[in-house]
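Labels run A, B, C, D, E and F following the written order; every chain starts at residue 1.
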C-alpha cells in the first residue's frame, strides 16, 4: 500500500474518491432520501457521525478483533452508533426523523461505512482513520447535497424550503419520485464524466507532437 | 426421392436484380491468345501446386507446369505454348502477391496442342477415370475451385445415392452456366454419365432456376434415355445455387451444420465443371481454358468467352472492346460474392466464373447507418443465423461469442449485407471474424 | 433506569453473540479456505492497468505469479523502477532485470511515398481493408493506415502521423504487444530499445518492382549488407534482415548508401524526420 | 390469501425494492453486468431475504418485546452472522460462484435490501406468512430488476455508448428509465 | 482504356433498395394524415404541440447527436409521435421538455439511432406524465371555434398552466375506469372523443399501418399479436363479467392502443429482431395493457406496456434465437 | 490477523490460520462486544425514550384534538370482544388492540376519533377522523401517514379545500368529480388527478364506520362517566 500523507487521507474521500460519485457506495440513502436539501443534510450528518465514530472505535480495537469475526464486530459497532443516532434524532428532530423513515437504521448497512472500516480503519492509526472517515463523510454530504439541491430545486421549486421561482412554478414531480433520483444521479455522473474526459483529453493531446491526424484533435 | 412436383421455396435469401440480359443471349466465342499468360500456383482450394519447370523452358499448350502437392491439390498446365520468362511473385486476384509462372506466348504458333492419346473412358475403371480427372487438373468451376477428384472419392462409409448438378447460377449478371447448358447440353450429360459411373450412382437431379427456360429446355431435351436424370426447375432466388440450399430444395435433406453434402449421400457439381470432365475425355486436353462471362455496364462489348486460364484481366477487357469511361469497380465472380480487383494485371484463374465491370452508378451506396435492429438480415439469412447479433459482436471483436452463435455456419453469401437498409458490411465483418478465429485457433 | 432492562439487554446481546460466535467458529473450522494475504498486499502495489504485458491475465494474476515465484517484479513494464523496488522490497526478492522494449513498425510507406492503386470503401479498419486488395494500396505488405493499432493501444502510445503511419511514443509504450496482435499485416515487432538498426519495410518484391509501389521500399540492392559489419545484415527473399544477435556490431554506417532509405538508425521514436535527412546527417 | 398476494405483488412490481425504494443498489450496480450472474445473485438474494424474514419474525416475536432498543443491532448481527456462514459454505462448495460474486457476497450480508426487509416487516407488523410473502415478493422484485438491468447492459455493451455516458452514468439512466416504466404499475391493486 | 480510378470494396457489390433514411422518411410521410386528423379535431393546438415536441427532439439531436444524424429522419419521427401522444392543451414548453428528454436520455446516451433500449418518444412521454401528472391528464373539450387554442398551450415556461375545469373533459378510458361510463364504439372509431392528439384517428392510423406493413417498414406480427391478445383477454373477461369489464371493441379502439401498436411498438430499434420474438413482444404488450387498464391505478396502459416490454426485448432476443440451418432434427433420409 | 499485512508484510507467509485455539477468542469477542453494545444502548434508550414517547403522544393528541375540534379531554377506548371498553382484561397486550378515542366537551361526549388505513395509490394511507355518532356527522379528517405522490396525491393532506370538506359531511360518503356534485352533505369533491387517493380516504372512512358501526351507534355506557 502506497503511503499517503494525512492531507491526502482527508481530501481523498471528499472529491477524488468520493464515495457516492466515484466509488458508487452508499447509493441507497444517497438516492432514497435526497428529495429535499434538509433531508440530505440530516442524512449526511447522521452518516458522518456514525462513520467517524465507528472508524475511531474500529481503529482503536483493531488489535483485539479476530479476523474471522471482524465483519460481525464492525457491524456491531456500527449498529450501536446508528441506534444511538436514530434515537437521538427521533428525540431531537422528530419531523426529520419521520421524513427519513427507515433509512436511518439503514445507515448500518451503508456499504460505504463498512468499506471504510475494512479498507482503512482496520489497518491504520486512530488519527488517520478519523481523518479518512471525516473526508469520506464530507464527500458523502457533498454528494447528497448536490443530489438534494437538484431534486428540490427542480422538483419543488424551492431550496431548503425557500421558494425560488414564485408561487406559480410548476413543480417537476418526477424529480421527487424514484425515477428522479436515478436520473439526477445519472445526469450528475454524465456531467462529471464530461469534465474528466475533457481534462484527460487535453492532457494526452499535449504529449502528442504536431502533425497528428485531425480527427484526434476533435 | 426428389420432390414430386415443383420445387420447395428456399427459406431466407434475397431477390437481387438479375441483370443477365446483357449476355444471356450472346453466343460463346473464343478469345484470341494474349501475349502473356500468368499462371499462379494457387488456383484451387487446397495446397498450391509445385512448379516443375524453370525460367527459360519452352512449354506447349497443355503441358504440365506444376504438380499437385498432395491429394487435396491440383496440377496446373500451360494454357498456351511459349517460353517461361519468369517464376516470381505476381498480383493474385485475392489481392495479395503469389508465386506465378509467366509464359511469353508464341505469337505465330497455331497454339495447337500436341496430339494426345485419349483413352476411351468406357474402358477405364472408376479409379483410372478419377486419376485422369486429377491429372487433367480439373477443379470445380462453380466458384470454390475445389479439386474434383477429391469430391469423386468419397470415403466408403458415406455412400452416395444422388448427384446434384448445379445449374442455378443464381448470381446476378453471370451467364456462364446458362450458355454452357444451352450450347453444350450433350457435353453436360456426358460428363454427368462419367461421374455417375465413377461413383456408381444411378440417379441425378439437375437444378436450374426458372429464369433460364431455354437451358431447362435444352437440358431436358437431351437427357439420355438410359439414365435416371431429372431436370428440376427451381425458384429464382439468391442463393438457390449454394449447395446446402439446393440439396434442401431438391431432396428435402438438410446437410447438418459443419458437415458436407456427402454426409447426406449427395455430391453437388456445377454444370460447367461436369462439361469440363467431358471435355477431358473428348479432347484429351487438361483444364486450360474456361468459359467466362465478361459483363456489366462498364464493359463495351459484353460477351461469353472461352478464355485461356492465366489471361490477364487487361487483355480480357481489351478483347471485349475495353471499358467505358465511367467504369469504376471490376469484380471477379458474381457481384454478390465476387472479389473486387485493384490491379489490371491479375490473371484469370480456373475458378473465375465471370468478370463484372460496374459503373459508378451501379456501385452500391457506401454510406452506412447505425443498425436499426429491423431484423431484415435475419429474414434474409438462408442458414438462419442472427447477422444482427453477429455484426454487433464483430464490431467489438468478440469472436469467441460469434463462434458460439454459429459464425462458422455462415457461408458469406452476402444476403444479410444486401438486405440491410443501414448498409452495414455484415458479411465483410463475418469474413474477417472467421479469419481471425482461424488464425487464433491455428496459433 | 431499570436494572432489569440492563440485565435483559446484556443477556440478549451476549447470548446472540455467543450463539453466532460458536456457529462461526464451527463453520470456520470446517469451511476455511486459506488465501495468501500477500497476494492482496502485492496487488495493491501493482498499477492495476491490467494490460497483460507481463504475460499474466491481469495484475492480480501477476501478483499470484509473484508470490508463487513464477514471475519477477520487473516483468511488469508499466511500473517505474521505484515501484518495482517497492514490490521487490515487500516480497524480499530481487527486482529482476528486464530490458525495455517498445513496438517498432516495419513499414515506412506512408501515403506520400507508397502508391494507392484503387479507392477502398467499406469498413474503415485495417483488418477489413487488408482483406480487400490491401485496401487498394499497391504494396500488400504495407501499412493500410486505418489505425487498428492505435485504437487497440490502451496506453495511448500510438498516434497517426500526417502520412497515415502509426508512430509509437517509446515513453508510453509498455510493450504489451496488443498492436502486434492487432496489425493484420504483421508490421509491428517488440524490440529492445537498443536495437537501433531497423529495416522499415517488409516488401518481398525486388528492384524496380518494389520501388514502383513504394519509394522507400527495400529493393534488395544489398548495399547495407556490404556496409555493415559482416553477418549483421543478410538478404533473405529480397529483404534485408538484421541479425540482432550481433546487435553489438551494428553501427549507423550500414544505412549510409541505402538508395531508398528503407533501413534506418533509430534513436527514440520512429519517423521523426524524413528519410533523406537522416542519411545526410550520417554521411 | 388476497392479503398475501397483495403484499407479494406490491413488493415485487408496484413498490419494487430496487426501482422504487432504492434498496440494495450497491450489488445491483455491481452484479448486473451479465444475465447469468444476475440470476444467481437474484437467487442468492431471495434465499437471504427469506432467511432474514424468518430471523426478523423470530426476534420480533420472542426476543425484542423485552428489549425494543436492541432491534436494529440484533437484526443486523443475526442476519450478518447467518449470511457469513452461508458465505463460507458457498466459498467451500462452489468457488466458482464465490469468485463471480466476488466482493459482493460480504455486501449481500449487509445489504440495504436485507435489513430494509426486516425493518419494513417490523414496522408494518407483518406476521409469519405475511413476512414470507413480503420476502418472496421483494426477492422476486430484486431479481426482476437485476435481470432486466443485466440483459439491457449486455445489450449496451455492444453499442457505441458515447464516452461521457459510459459506465455508471448510463446504468443510472437505464435504472431511471426502468423506474419510469415501472410507474405503470403504480396504483395497481389499489382501492378501485 | 483503363478506368481513371478503380474501386475496391468487399462483397456483396450490390445493395437492396430500401435504406434506413428511406424507411424513416416514409414513416414520417405516413404520419401526415394522422397529424391532419388531429388538427381537424383539435385545431391549431395540435400542430403547435407536435411542433414543440419535434423541436425539442430535433434540436437535442442537432446539439448533442452525431453529425448529420438529422438526415436519417428518426428524430423527426420521435418528435411527431411524442407530440401525438400528448394532450392538445399541454403547455408547449412541456412538450419541448418531453422531446429533449426523449431524445437526450432515451436515445443519445445510448449512442444514438439504433442503440437505445426504450422507445424515445414514449420515454419522453413517461417522463412528462410523471413530471406533470395533472397537465398530462387534462383533456380539453372542444373549443367554440376550430381556430381557438385548446387549454393553455402558451403558458410561460416553467410556470403552471391555468387549468380551467369547465374546459376539461375525460377520455373514454378515464370515464370507464373512474366513473364506469362506457363510450360508443362508433364514436371511438370516428375519433370524436377526448384524449391525446393521436387517439382520435384509429382508422387512419390503421390504414397507414397497413401501408407501412405492405412496404415492410414495420413487422405486422407486432400489431397483430397485440390486437389479438387484447381482444381475446378482454373479450373473455367481458364474457365473465360484462358489468365490470368493457368489451373487446372498446378496448381495441379506445386510448392510444392503435397508435401505440402500429407506430410505437413496431419501432424496430426497440422491438425484438426475431419474428418469434415479435409475437412474444406483442403478446406481452397486450397482456400488460389489459392488466394496467383493468386493475392498475392508471386509466391507460399502452405506454407503460410498451416501455416495460422494451426493457424485456434484450431478454426476448436472447431467448428466441433462430435455429441454425442443419442443427435441427430434419435429417438424412436413407 | 487483520493487521497482518499493514505492519509486517515482509517475510514468510503467515501460517494458515487453522484457528482451533482461537475459537474461544472469537466467542469472547462477539459475546463481549454484544454485551458492551447492549449496555450502551440501554443507557441511550433510557435517556431518549421519555422524549420520544412524549412526542408521539403529543402528535396523537394533536391529531385527535384537530379532528374532534378541540375537545376538553379524551378517553382511549379499546375495541375488544365486539364492544368498546376502557379496560382490557389482564393478559391482553394493549399494543395489539385497535383503539378509538372518545372526546368530551364539558363532560359531554362529542365524538369518536378513529384511526384507520388502506392501500392508496402508492402505499397504505393512514388517516384519523372524528365522528359524531349522535348526529352521524364527520367532525374532521387528518392524514397521519401517506406516501402519495408529492404535488398530486399528497393533496389529500395538503389541500385544505379537500380536507375541510369532511367537516360536517354525513356518511355514507360519496366521492364525486369536482363540479359534478349536487351539493348534498354526503358528497366529497375528489381531487382532479388524484381520484384514487381521494377515493381511498373516503373509502377508509366508510369502511371503518361500517366495521365499527354497531359499537358507535350511541355513546352508550362508555360515555357515562
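As a working rule, a contact is a pair of C-beta atoms (placed from the backbone, for glycine too) under 8 Å apart; a residue touches a chain by one contact, two chains touch by 3 or more.
Just so you know, these numbers come straight off a predicted model, no measurement behind them.
Engineer: Spell out the chains that contact chain A while also contacting chain C.
Structural biologist: Chains touching both chain A and chain C: D, E, F.
Engineer: Going only through chains that touch each other, what is the minimum step count from chain A to chain B?
Structural biologist: So the least number of steps between the two chains is 2.
Engineer: If I average the CA coordinates per chain, which chain comes out farthest from chain C?
Structural biologist: Between chain C and every other chain, the largest centroid distance is to F.
Engineer: Could you work out which chain's C-alpha centre is the most distant one from the centre of chain A?
Structural biologist: Greatest centre separation from chain A goes to chain B.
Engineer: Going by the contact definition up top, give me the pair of chains with the most C-beta pairs touching.
Structural biologist: Highest contact count among chain pairs: B-E.
Engineer: I'd like the Å distance between the centres of chain A and chain E, where a centre is the mean of that chain's Cα atoms.
Structural biologist: Distance between chain centres: 39 Å.
Engineer: Please compute the C-alpha centroid of chain B, do the same for chain E, then give the distance between them in whole Å.
Structural biologist: Here the centre of chain E sits 49 Å away from the centre of chain B.
Engineer: Between chain C and chain F, what is the gap in Å from one C-alpha centre to the other?
Structural biologist: So the centre of chain C lies 68 Å away from the centre of chain F.
Engineer: Quick one: report the Å distance separating chain A from chain D, using the average Cα coordinate of each chain.
Structural biologist: Inter-chain centre distance comes to 21 Å.
Engineer: Taking each residue of chain D in turn, which ones touch at least two of the other chains?
Structural biologist: 67, 69-70, 73, 77, 81, 84, 159-160, 165, 169-170, 173, 176-177, 180, 183, 186-187, 189-190, 192
Engineer: What residues in chain E touch two or more of the other chains?
Structural biologist: 5-10, 105, 109, 111, 114-115, 127, 130, 133, 178, 297
Engineer: Touching at least two other chains at once: which residues of chain A meet that condition?
Structural biologist: Those would be 1, 68-69, 72, 76, 79-80, 83, 87, 173-174, 177, 179-180, 183, 186, 190.
Engineer: Following the definition at the start, I'd like every touching pair of chains, please.
Structural biologist: Going through each pair of chains, those in contact are A-C, A-D, A-E, A-F, B-C, B-D, B-E, C-D, C-E, C-F, D-E, D-F, E-F.
Engineer: Touching residues of chain E toward chain A in the complex: what are they?
Structural biologist: 105, 109, 127, 130-133, 135, 155, 158-161
Engineer: For chain F, which residues are in contact with chain E within the complex?
Structural biologist: 121, 149, 151-152, 177-179, 192-193, 195-196
Engineer: Per the contact definition, I'd like the list of chain C residues that touch chain F in the complex.
Structural biologist: The contact residues of chain C facing chain F are 1-2, 5-6, 9-10, 12-18, 20-22, 24-25, 28-29, 32, 34, 36-38, 40-41, 67, 89-92.
Engineer: Which bits of chain F are touching chain D when the two form their complex?
Structural biologist: Residues in contact with chain D: 34, 37-38, 41-42, 44-45, 49, 118-124, 196, 199-200, 203.
Engineer: Within the complex, which stretch of chain E touches chain B?
Structural biologist: Its residues touching chain B are 1-16, 18-23, 72, 74, 111-115, 216, 219, 268-275, 278, 317, 321-328, 330-334.
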